[in-house]
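Once you've had a glance at the structure underneath, I'll fire off some questions.
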Amino acid sequence: MKKISLSNISKLYEVISREYDLYAPIKKAGKVNFAKWTDGEEVVFNAQTVRSPKDMFFPQTMDLYSLKMQGKTVEVIDDRSETAPFVVFGVKPCDCKSFEVLDRVFLAEPVDTYYQNRREAGIIVGLGCSAPSESCMCASFGVDNTEPVADVKSYIVDGEMYLDAITDKGEKLLSLIAGLLVDADSTKVDEQKAKTKEINKKLPLQNLDMTRFTADNLNEIFNEEEWEGLSEACLACGTCTYVCPTCQCYDIRDFKTNDGVKRFRCWDSCMYSDFTKMSAGQPRNTQMQRFRQRFMHKLVYFPANNDGMYSCVGCGRCATKCPISMNIAKVIKKLGGKHND
Amino acid sequence: MQEVKEYTPLIVAFCCNWCSYAGADLAGSSRLSYPANVKIIRVPCSCRVNPMFILKAFQRGADGVIMCGCHPGDCHYTSGNYYARRRMSLLFSMLDYMGIERERTRVEWVSAAEGAKFANVMNEFAKTINELGENKRLEDLRCK
Amino acid sequence: MQRIGVFVCWCGSNIAATVDVERVAEAVKSEPGVVFSTQYQYMCSENGQQLIRQAIKEHNLTGVVVCSCSPRMHEATFRKTAESAGINPYMVEIANIREQVSWIHKDIEEGTEKAIILARTAIAKVNLNAPLTAGETKVTKRALVIGGGIAGIQSALDIAEAGYEVDIVETKPTIGGRMAQLDKTFPTLDCAACILTPKMVDVAQNEKITLYTYSEIEDVKGFVGNFSVKIRKKARYINEDACTGCGVCMNACPSKKGLNEFNQGLNNRPAIYIPFAQAIPNIAVIDPQQCLKIKNGKCGLCAMKCPSNAIDYTQTDEIVEREYGAIVVATGYKTIDLDKFGEYAYNESKDVVTSLELERLMNAAGPTKGTLLRPSDGEHPHDITFIQCVGSRDTSGCGKPYCSKICCMYTAKHAMLIREKYPDVKVHIFYIDVRTPGKNYDEFYRRAAEQYGVDYIKGMVGKVYPQPNGKLLVQGSDLINNEQVLIESDMVVLATAIEPEPSVRRIATLLTTSIDTNNFLTEAHAKLRPVESPTAGIFLSGVCQGPKDIPETVSQASACAAKVIGLLAKNTLKGNACVAGPDESMCNGCSVCANVCPYGAITYVDKEFRLGGGKTETRRVSQVNQAICQGCGACTVACPSGAMDLKGFANKQIMAEVEAICKR
Amino acid sequence: MEDKYLLSDVKRYSGTDTSACMRCGKCSGRCPAYNDMDIKPHQFVTLIERGDIEKLMQSKSIWTCLSCMACVERCPRNVAPAQVIEAVRDAVVRQQYANKIKAEDIPAKIDETIPQQLLVSAFRKYNK
Amino acid sequence: MQVSDIKKKASEMLLSGEVKRVIGWKKGEFDYDLTPATFESVEELEDFVYDGFCGANLSKYLIKESKKEGKTLVFMKPCDTYSFNQLLKEHRIVRDNVYVVAIDCEGKLDIDKIKSKGIKGILSVKEDGDEVIIDTIYGESKVVKGEVMLEKCLTCKSKEHVAYDESMAQGVENVSLDRFSEVAKLEAMTADERYEFWRGELSKCIRCNACRNVCPACSCVKCVFDNDASGVSAKSNANEFEESMFHIIRAFHVAGRCTDCGECSRVCPQHIPLHLINRKFIKDINTLYGEYQAGADVDSRGPLTNYTTDDLDPSDIFGGNK
């Protein structure tokens, strides 16, 4: 394990940014989001970013290809460019876990090369949690918030950042900044981990009962009357899906340019009334059905198809950002099992 | 010596059919010239001009947008330009508030008899836009 | 996908001199939808049109773009050409490459480039054009005139003269209006009754005219050519067919304390009455508020005395529903309330009167039988002061900001008449300006000052003090001599401002036509369409549109009638093809569009919509009456959801034009 | 130059738009102090419009106006001659540095039923 | 006015059958995550709450609820009644099917403001006069209420209801700040500064549509941004232009109809001060066309569906040809 004093950390950013595009939680216009680091930016580690780090791998909009029209001939242009290597700093353990979920979707056959390119080019530096919040549910989803699963894991204790490479990519990154790091033992980090685990016990959502969410109960849960009440106030906005680190739905759209068409993909939200709309209409006509789809997918369908892995990492963003404060915790408490009362 | 291609700004003018478009016709038949980069779109009345059209024009690369209608009180449809006047006042004020140069948008009342005014307005507006240069704050690079 | 033909016109050398027409025709060939393009010297010539017709047939064209002069010049021509070749006229668009290109740009390169862009823009639009047809509606050949004053009478007579049926609806028990109350008329001084009553009789006798007196407009539905109007015939408590107008009942009635409206309340009338001797119809009416029998069931004297058994105390209001093709509004005026003008002591002294009251005081059929007497004591007055502009040109909020137009002339008339009849009476007139534009008007006013010795004082009265001796002390300024004058008068006459009859507000709402801040009805165009309202089929006659005197009123009434006749002469009305219409599936029913529609073309209905999954929902959605819509597009921008769109100038079409025109 | 400022200042202090005057003379028609005035209320409005401020400042009318506000009350055009007179009076008083009123005397004189301006102008007139 | 009184009113009306359902706020997992909800029985009312976190405007739900069979009882804060009136004016709510009970509001709390003070692990939040006491797993914190109130409550336009069938409100003194001072501050900046300000704010936009979907004025059956035929539809902001356009068009569509309820800013996950866009229109309307408060009544004409012949020309306002 290595460490660096936080007072020296901008040097570290500087060195990394010479070789890589460096993304970090940066505070801009009052809010913390992952953004490209440039000198002078304020990096904030103790807050949750509004948008998740999935942005860097599966951006909200992404050009696929363009068509250029010249008279009546059409030329197809591949808009993909080699993704430059980049580093994402300060990724919380829950968010680290989200890449496992996304990998299952995008790296399974047929492989989504747009995602794959970025995944290969990106180095994730995880950051262990020391002050989880009441909205944190990571433990309920099997995430150890003291053990970020990433290329490099890091901890901040007493004004120092501890770093430990996990993968080869991680090693490579640490070797780049080796000159700035000093060797360290893990005593302080271990102390912090133990403390965090104690706090976890006090958090109300870290031990949700999800025993009922099994493929066998699929029909029963699907037909629960509770969905009506849970979804009645839903505004049908896309906040929960857009701040979610694991939501992976997208729409492919065309933009008419001056001399042709640009085809791009952008995030879609199952909360929207035109989600998966086809010429014959949409399969889910009511907001209840769309609301149910989201949670059924995260808690039942996805695990049923992915060895029990939930499509939720318990980051709690939806819980804090929903305009009407409806969220996955409330759904789990209503439908997850007996021990939630 | 290498020739530098000068940037010519693009101006979209929405003209109501009854007064301003006729004013433009009169400017034409009076051979009063104004820059070729002023391009006119005919609408039945200034009240047909939707703010979306104006934003669309900027998105598509216009550097200035001007809306021309009958003089207040002379609207062919009696009140259309009064509504247009309020709409455009608010929209332009909003664009200004967003930091988009206020000189890029304009409303002028041009009657069917004011061919000279039409040409003057367009010359003057084109000059203003020339000085302002390229529209950067409401551009959509996909359209360039 | 359209099959578009592009036709580039040279206009001789008008276009061809500064636009390389061949290059334009060539450049557009690769535009989407274009299957044919050519150029020709004069597209508008018979040969040129033949070329277009031939191309339409040969190439199976569905759309046409003509690059030529302004659409204001030849759009109609080319539309007809296309129509004669079998395609919808609205599938034609014009790229104006003459007025907007060749005539103003000298550089061929520049001109050609711009011409190509304008052609592309027109092509982009035609690609989204759809065939349009103008709707047709039948015209009901009957007119309604609201108001039976001189304006309504004249309009009705003229319309009837042309052979169309006319109904007059008048709220009072008789027609005649304000003019019937007047004594003499300026500038000729003939007696108002002498020239008006024959016209009233004409109305009564004209078989094309139906009179609804003592009636009100209850509801109006429909649109130009097809109005359906409910008329409330208020109970007269008289069998109209039986009453002979003999007047026996009036003498029999014991309740005689009603204010005589016809005499501006200067004297009394019985509960059963005929407003005045020459009333049309000459039928009695009972004031239910005053009649002892109707109020408390005790009386019935008139019924006993009535020789023709015409009295029916049980009569109730009756609603008549009639169809009309056109409606004339002729609701007239009243004088304003003087409550805010305490300085003139109108409410304090009976001897301060309005000009309209003076008319009655001087009229042979008035309360004093035509002898001018002081209202307070019935004595002969020796000194009379007139004050002009009472409440007119007043922006303080007490009166009206406009000039009432008629006061200068009638005050001169009054002064002259008084001096003529009673040379001993001194007459003073306080004026701000004397306005006399009109034939023989200024001569008339000068006659009052020069021949009749009327004392015209430039200045305004500050206060009128009722004196203990019964006289009125008038304090005012004489601006010419720069002194404050005090005049002891026997009477003060106020040239009171006039305002539209207040009921016009309700009428305007029912007719969905607009009203200005002073409650005058708005005309369709201040200069060029002064007798039409912005709402098709509604016409304006008389003072309801703005202050005017009798000759002007009559001219306007006749003009109005001409417009009505022009409308009723048509069997069907062809609407405008470029009309607005909502996409009901997106309509919120929020009424924003109806609020901005200058023509009242938009109404709402509740409609049921399928939601999917077997469910339905009822929503309020807008409907545009295609016969009324003029296609301005105000509603399309007001509509927040974009449900409202305009045919021929649709959002998509204009956006496509914007996109094409911005292409570099 | 100075006069120009003076004129615009007086116009501004008066708080009234003299251009709305239609020369009806109703103000002078009602004025109770008319006969004691060398320049009449309506002339204050017209002379201000003409820019003749000097004449007004030398007028004795500014000391005879009672500030009864009858002219303001009566004006059909919302012009307030008394306010013009007051503004001219003010200008004169300011030039003379003659505003010798003791502020502490004011509260005792306040009566809600009379216009405040009357109080103020009375001070200016009678405390020289 | 006690919460128990409100609950009592609700259960009485449910029991008597006068209303079929009640719209109010339902308690959540924490003190601060209340959800708007309908209650159809007295048992369900157990979870009814009314406290400092009831910022959500309930009026928009009535579009749907008032179309249902039977009457709906709704509790409304003063600002909610403005939205209610505006929706009535636009014929979106069936008035006869709604029973409005007016309740007081002393300003609502903003959990994000509390959290931005570094307060984490919140177990409970209690109001005590001008203080807010927050119990967390890391200990207790106290903050001044004024510092953690919702932005919209700091500039509250009124504590008086403009529509109700019955009032339980006892009246609260309004001590709010000037609504337009923030707008004026922006106006006073140079165009470049304003541009930078809005770029900074709008670049955060994730186009989640929360602002639109919570907005009572944005209740179109189909929004232009969802309608592929409109020419402006989009599911995300592909670039800066679309970020700006979305918010300009949205503000324009609600101009003259926006009651300034402030919900857009409250729900924005990125805390973009969207109310400053809408308020600019309100300020301009007030300045140019006379004071107008959308929702103050149900029958006046909105400023954009109205005009006077002597309205100022844009060239008078912004300059133009001489």
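Lettered A, B, C, D and E in written order, each chain numbered from 1.
In the analysis below, contacts are C-beta pairs under 8 Å (C-beta built on N, C-alpha and C of every residue); 3 or more make two chains touch, one makes a residue touch a chain.
This one's a predicted model, so the numbers in the text were calculated from it and none came from an experiment.
Please report the smallest number of touch steps linking subunit B to subunit E.
The distance in steps between these two chains is 1.
Any chains in contact with both subunit A and subunit C?
The shared contacts of subunit A and subunit C, listed by label, come to B, E.
Which chain's C-alpha centroid is most distant from that of subunit A?
Computed centres place D farthest from subunit A.
Identify the chain pair with more contacting C-beta pairs: A-B or B-C.
Answer by contact count: B-C.
Specify the chain most distant from subunit E by Cα centroid.
Result for the farthest chain: D.
Between subunit D and subunit E, what distance separates the C-alpha centroids? Give it in angstrom.
51
Could you put a whole-Å number on the gap between the CA centroids of subunit B and subunit C?
Whole-Å distance between the two chain centres: 35.
Using the average of all C-alpha atoms in each chain as its centre, how far is it in Å between subunit A and subunit E?
Computed from C-alpha means, the inter-chain centre distance equals 30 Å.
How many angstrom lie between the CA centroids of subunit C and subunit E, rounded to a whole number?
Taking the mean C-alpha position of each chain, the two centres sit 44 Å apart.
At which residue positions does subunit B touch at least two other chains?
Within subunit B, residues 51-52, 56, 60-61, 73, 79, 83, 87, 142-143 contact more than one other chain.
Going through subunit C residue by residue, note those that touch at least 2 other chains and give them in order.
Residues 596, 638, 651, 655, 659, 662-664.
Which residue numbers or ranges of subunit A touch two or more of the other chains?
255, 258
Throw together a list of every chain pair that touches.
Touch list across chains, by label: A-B, A-C, A-E, B-C, B-E, C-D, C-E.
Going by the contact rule set out above, which residues of subunit C touch subunit B in the complex?
Those residues of subunit C that touch subunit B are 70-73, 96, 98-101, 103-107, 110-111, 113-114, 117-118, 121, 514, 522, 524-526, 534, 578, 596, 598, 630-634, 636-638, 646, 649, 651, 654-655, 657-659, 661-664.
Please name which positions on subunit B make contact with subunit C in the complex.
10, 12, 17, 21-22, 24-25, 27-29, 31-34, 36, 39-45, 47-53, 56-57, 60-62, 73-74, 76-80, 83, 87, 119, 143
In their complex, what parts of subunit C are in touch with subunit D?
Touch list, subunit C to subunit D: 343, 389, 393-399, 430, 432-433, 458-463, 475-479, 482, 484.
Where on subunit E does subunit A make contact in their complex?
28-30, 32-38, 56, 61, 111-112, 115, 118, 120-123, 136-138, 200-201, 203-204, 206-210, 212-214, 226, 234-238, 263, 266-267, 269-272
Along subunit D, where are the residues that touch subunit C in the complex?
So the residues of subunit D in touch with subunit C come to 20, 22-31, 34-35, 40, 42-43, 70, 74-78.
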